[in-house]
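You will see chain A twice below: alongside chain B first, and alongside chain C after that.
== the complex of A and B ==
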């Protein structure tokens, strides 16, 4: 199998390890340091503690921001999954207008966020929509729609057209075919898309800053806190967010990687 | 009795995809209970015929009648036909029994009844043990049988199969051919079976419908197609054949001579009135099978010519000789099939031999 001679294998392994350490170790610093206190600007390594986490639980500003983020995330997910799926279903197999629609959907995702944010801001002002959580949700949905649309469309395209034909052929109505054949085959793509959408919404900062009203989401709050210097509970917060994000990614991967699930189940 | 009543009739059915005509004025009657095979080269429109009957595709013109009633506009989910798709189209998120029971459950059959009939259908295709597996956990042949059970369970009047065996290897194919045939005998349902494999067609069909370029060239039993092809295409497409071009001579009872580069060949025209009616001097082909051709001996009547053996190919029980015959300017390549002999064939490459075939073993096709 492995055609490489031994020394080069070892060399490759060393390089890979080094790169991995350089790339990923910064991620672990806040996690580790979140278990220690900081006094006079220096980390006190002598006694591990959970006090930073306790402090975080006391910080009502941050907790409020977290709640806002979750509300925005959930609303964004619902909106983007429903509309992304509908768009994908509508445009699947349709030639005319599809590339134009895709262009429109992908534009906000590809453009620099500050441009999308400004465009939305101007738009909201023109139609007289007050800046609020609603505008944030709309902004996030516009931003993440591309991901959901793309994920669902790809699943639709990989789904054999004969599945739908077979369903009709066996006597099912259009409605039955949708609920019993199309939707179950899309569901894992929809869940995967939803998780990605949530993760994107969770740490979206630029657009949020521009279109939000008085309430701020977690990243915006962090941004503001950082200007005032670090406090130890930020480490705890970052550690929590990191763990949460990793969890989301693992989940997303599970739903999006084509399923051999049936085979692996036994 | 039921054998001869028509179940389904296509009346001058045409189909175009956009501006491209794919089927031209097809007329076809499918008899109740028969195993009808649609045979033709790739792109001849076989799948299209199946999709039109199944209702997966609208007709461009013409009508389809079921028991004498026009069903051309009946939606696909109300037609009493079921299809076995080439890629099986099993629902990946449902178990085998979920797949097989789907046709009943969308019709709101009671759960108990579904369970009973699913078990029955799986028994019929010998998959009882696999009821709780997912399609991804089955072999190709097993998936095939699930697809069949799923189509059978709705008790359709007609089962449409689009090259269902194409994806299987040779051995499995043979088994499935027998299996399909035995199931068809057991449930006495009409099968419309598409294939481009003529051996498969000959082995399974009660009747074969040969298609080419969107036309039906001939419809008949395998025997009829083999011995009485009605056109050059069928004569060449269906089995090995020798075709020699020439001009028809005057009718002599049930036979008719044809003047060819190999001389005057007399062929049978019995039971083929259109050959009797053709004008003298009309272009036609004399057609005779490699196994009808033999080395001439003293008693042969007519249809004698000489040729040179260009090549010999051993094919197990028989040996096929490629022969060049006729005058230099109009040399014909012919095939001769003789039983193989253990001490090597009596034929030698490069040898000049005298050949003949009996008039009743030759036939004519109009050019």
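== the complex of A and C ==
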């Protein structure tokens, strides 16, 4: 972009600041409330407290939901990374049927979650699978698969063919080439995809509400509590989750942005 | 890697297994559920149980009942407005990011995208408290003298849904617009400058047309995400803010009419497919590759 005349730069910067404020204000509210008491919309700035965090440690209901979310997240990551990588390896360099199956993989990600969720709900009912954590994991995996698949496929496509050819020329078998050349080259894309998959699974609400059984994940639990209003310890939880999410983002960025590009920009 | 023509039997078996899995996974867990869902929309319900006999009743009801089409239409209008608001805010921000150099550009982009990954439910709750009678928005407007007293204009109605969805979805508009702006070759802008165009002329005749594909993608992203949302309307819409997503969701809850809900989903899917196709059609960048 060309350098702009000053007034327009100021205008653009002002809009950008406004957007940032709009985006962060909903996150700011619970974080402030986690340290200060708020009554009737007025913040009592005088007495910061950590009592909400202490109360959170006592809230077994929420902690159980958090544990469930983590279990679901880890299962989803394992399933989606394994199947996403296999699918990417399979479709890479293969033309027949690829665009059609690729389209199917992307469908749950493109379609509104309510449609994917309801389709799965009816599907589980038809095959007689009780709603449980298993159905939640399946729902999440179907949803995040596209992300992992695409991340790994992009890395495969940017990988030089000569590496694989050199490995074969040097007498390596298919397996050896896979373990020693292809997999190490894909590992950072797989880790990046895994982090994104975990972050998406951690916050997935709409599909989960539709396919969950008696055990609810954290977002669904919060959703159920929201009708009655939150107790103050939820704010502490939110503050912790936000910190955790920022950490995940930074990690994902580290693994997904190619090393050369990162150094180029500095 | 199966395509390298391995000769060992174990590898061939493995590649066959991989082939079967590669096809089975997406088909079983995506295509089959959607197909069953579609078939369900042609079933009926009699006194709380599903009647497995083909009928067009659900679709006839959707088109003839005076409730559904207006809500459907209003929801589409609502989501188009959400997309418009998001783009109006996201375009200047994306443009500003694109004018930045080096590290700042990506750091700021990241800053504007990170809120996407933060708890959706919590954000809705926080926005509701900001918009509410005792919320920050009302306090600010009263303090500025724009309002005499706190108003209930911003919560539990269609306005609330509009504002909340826009706030939630802005980052989805920023990214595609930023990417399309970033792809515009510097040489074009310099050429325009050399030929004597003013900054404003260059923007209107070079930058804006070349960034429109990004705007189209952004609009289709935001629209699709907004129209599929049933949590936000449920939470901030109150009684008057009734959207299609809510009606659809209620068919699987209180109304308990799965086949009719499936038919409503088909209608929703049609709109979504149209939006994605339009976004795809106009979202292709032309002339930016030099």
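The working rule: the second predicted complex is superposed on the first by the 232 of 266 C-alpha atoms of A that agree within 3 Å, B and C clash if a C-alpha of one lies under 4 Å from a C-alpha of the other, contacts with A are read in each partner's own complex, and residues count from 1 in each chain.
Following the convention adopted for this analysis, a residue touches a chain if its C-beta (ideal position, glycine included) is under 8 Å from a C-beta of that chain, and two chains touch if they have at least 3 such contacts.
Being a predicted model, the structure only gives us computed values, none of them experimental.
K.L.:
Output check: A:115 vs chain B and chain C. Expected answer is one of first, second, both, neither. What do you get?
P.N.:
Second partner only.
K.L.:
Please work out whether A:223 is in contact with chain B alone, chain C alone, both, or neither, and reply first, second, both or neither.
P.N.:
A:223 contacts chain C only, not chain B.
K.L.:
Scan A:64 for contacts with chain B and chain C and give back first, second, both or neither.
P.N.:
neither
K.L.:
Which partner does A:181 reach: the first (chain B), the second (chain C), both, or neither?
P.N.:
A:181 contacts chain B only, not chain C.
K.L.:
Just chain B (first), just chain C (second), both, or neither: which does A:166 touch?
P.N.:
first
K.L.:
Looking at the overlay, what does A:11 touch: chain B (first), chain C (second), both, or neither?
P.N.:
After superposing on A, A:11 lies in contact with chain C but is clear of chain B.
K.L.:
With both structures fitted on chain A, tell me whether chain B or chain C touches more of chain A's residues.
P.N.:
After superposition, C is the partner touching more of chain A.
K.L.:
Quick check for you: in the superposed arrangement, does A:104 touch first (chain B), second (chain C), both or neither?
P.N.:
In the superposed model, A:104 contacts chain C only, not chain B.
K.L.:
Does the superposition put A:22 against chain B (first), chain C (second), both, or neither?
P.N.:
Once the two structures are laid over each other on A, A:22 reaches chain C alone.
K.L.:
Scan A:210 for contacts with chain B and chain C and give back first, second, both or neither.
P.N.:
A:210 sits against chain C, while chain B stays out of touch.
K.L.:
Both chain B and chain C touch chain A; at which residues?
P.N.:
168, 265-266
K.L.:
In their complex, what parts of chain A are in touch with chain C?
P.N.:
Within the complex, chain A contacts chain C at residues 1-5, 8-9, 11-13, 15-16, 18-20, 22-27, 29-30, 40-41, 83, 86-87, 89-91, 93-94, 97, 101, 104-105, 107-108, 110-116, 118-123, 126, 138, 141-142, 145, 164, 168, 174-175, 177-178, 182, 199-200, 203, 205-206, 209-210, 219, 222-223, 226, 230, 238, 241-242, 245-246, 248-249, 253, 265-266.
K.L.:
What residues on chain A touch chain B, complex-wise?
P.N.:
160, 162-163, 165-173, 176, 180-181, 184-185, 259-260, 262-263, 265-266
K.L.:
Help me check something: in the complex, which residues belonging to chain B touch chain A?
P.N.:
Per the touch definition, chain B meets chain A at residues 54, 56, 76-78, 81-83, 85, 87, 89, 91-93, 102-103, 106-107, 134-137, 150-151, 154.
K.L.:
State the interface residues of chain C toward chain A in the complex, per the touch definition above.
P.N.:
1-4, 6, 11, 18-19, 21-23, 25-27, 29-34, 36-37, 40, 89-90, 92-93, 95-99, 102-103, 106, 108, 110-112, 114-115, 117-127, 129-130, 132, 134-136, 139, 167, 170-171, 174, 181, 184, 186, 189-190, 193, 199, 202, 207, 224-225, 227-231, 235, 245, 248-249, 252, 258, 261-262, 265, 268-269, 272, 276
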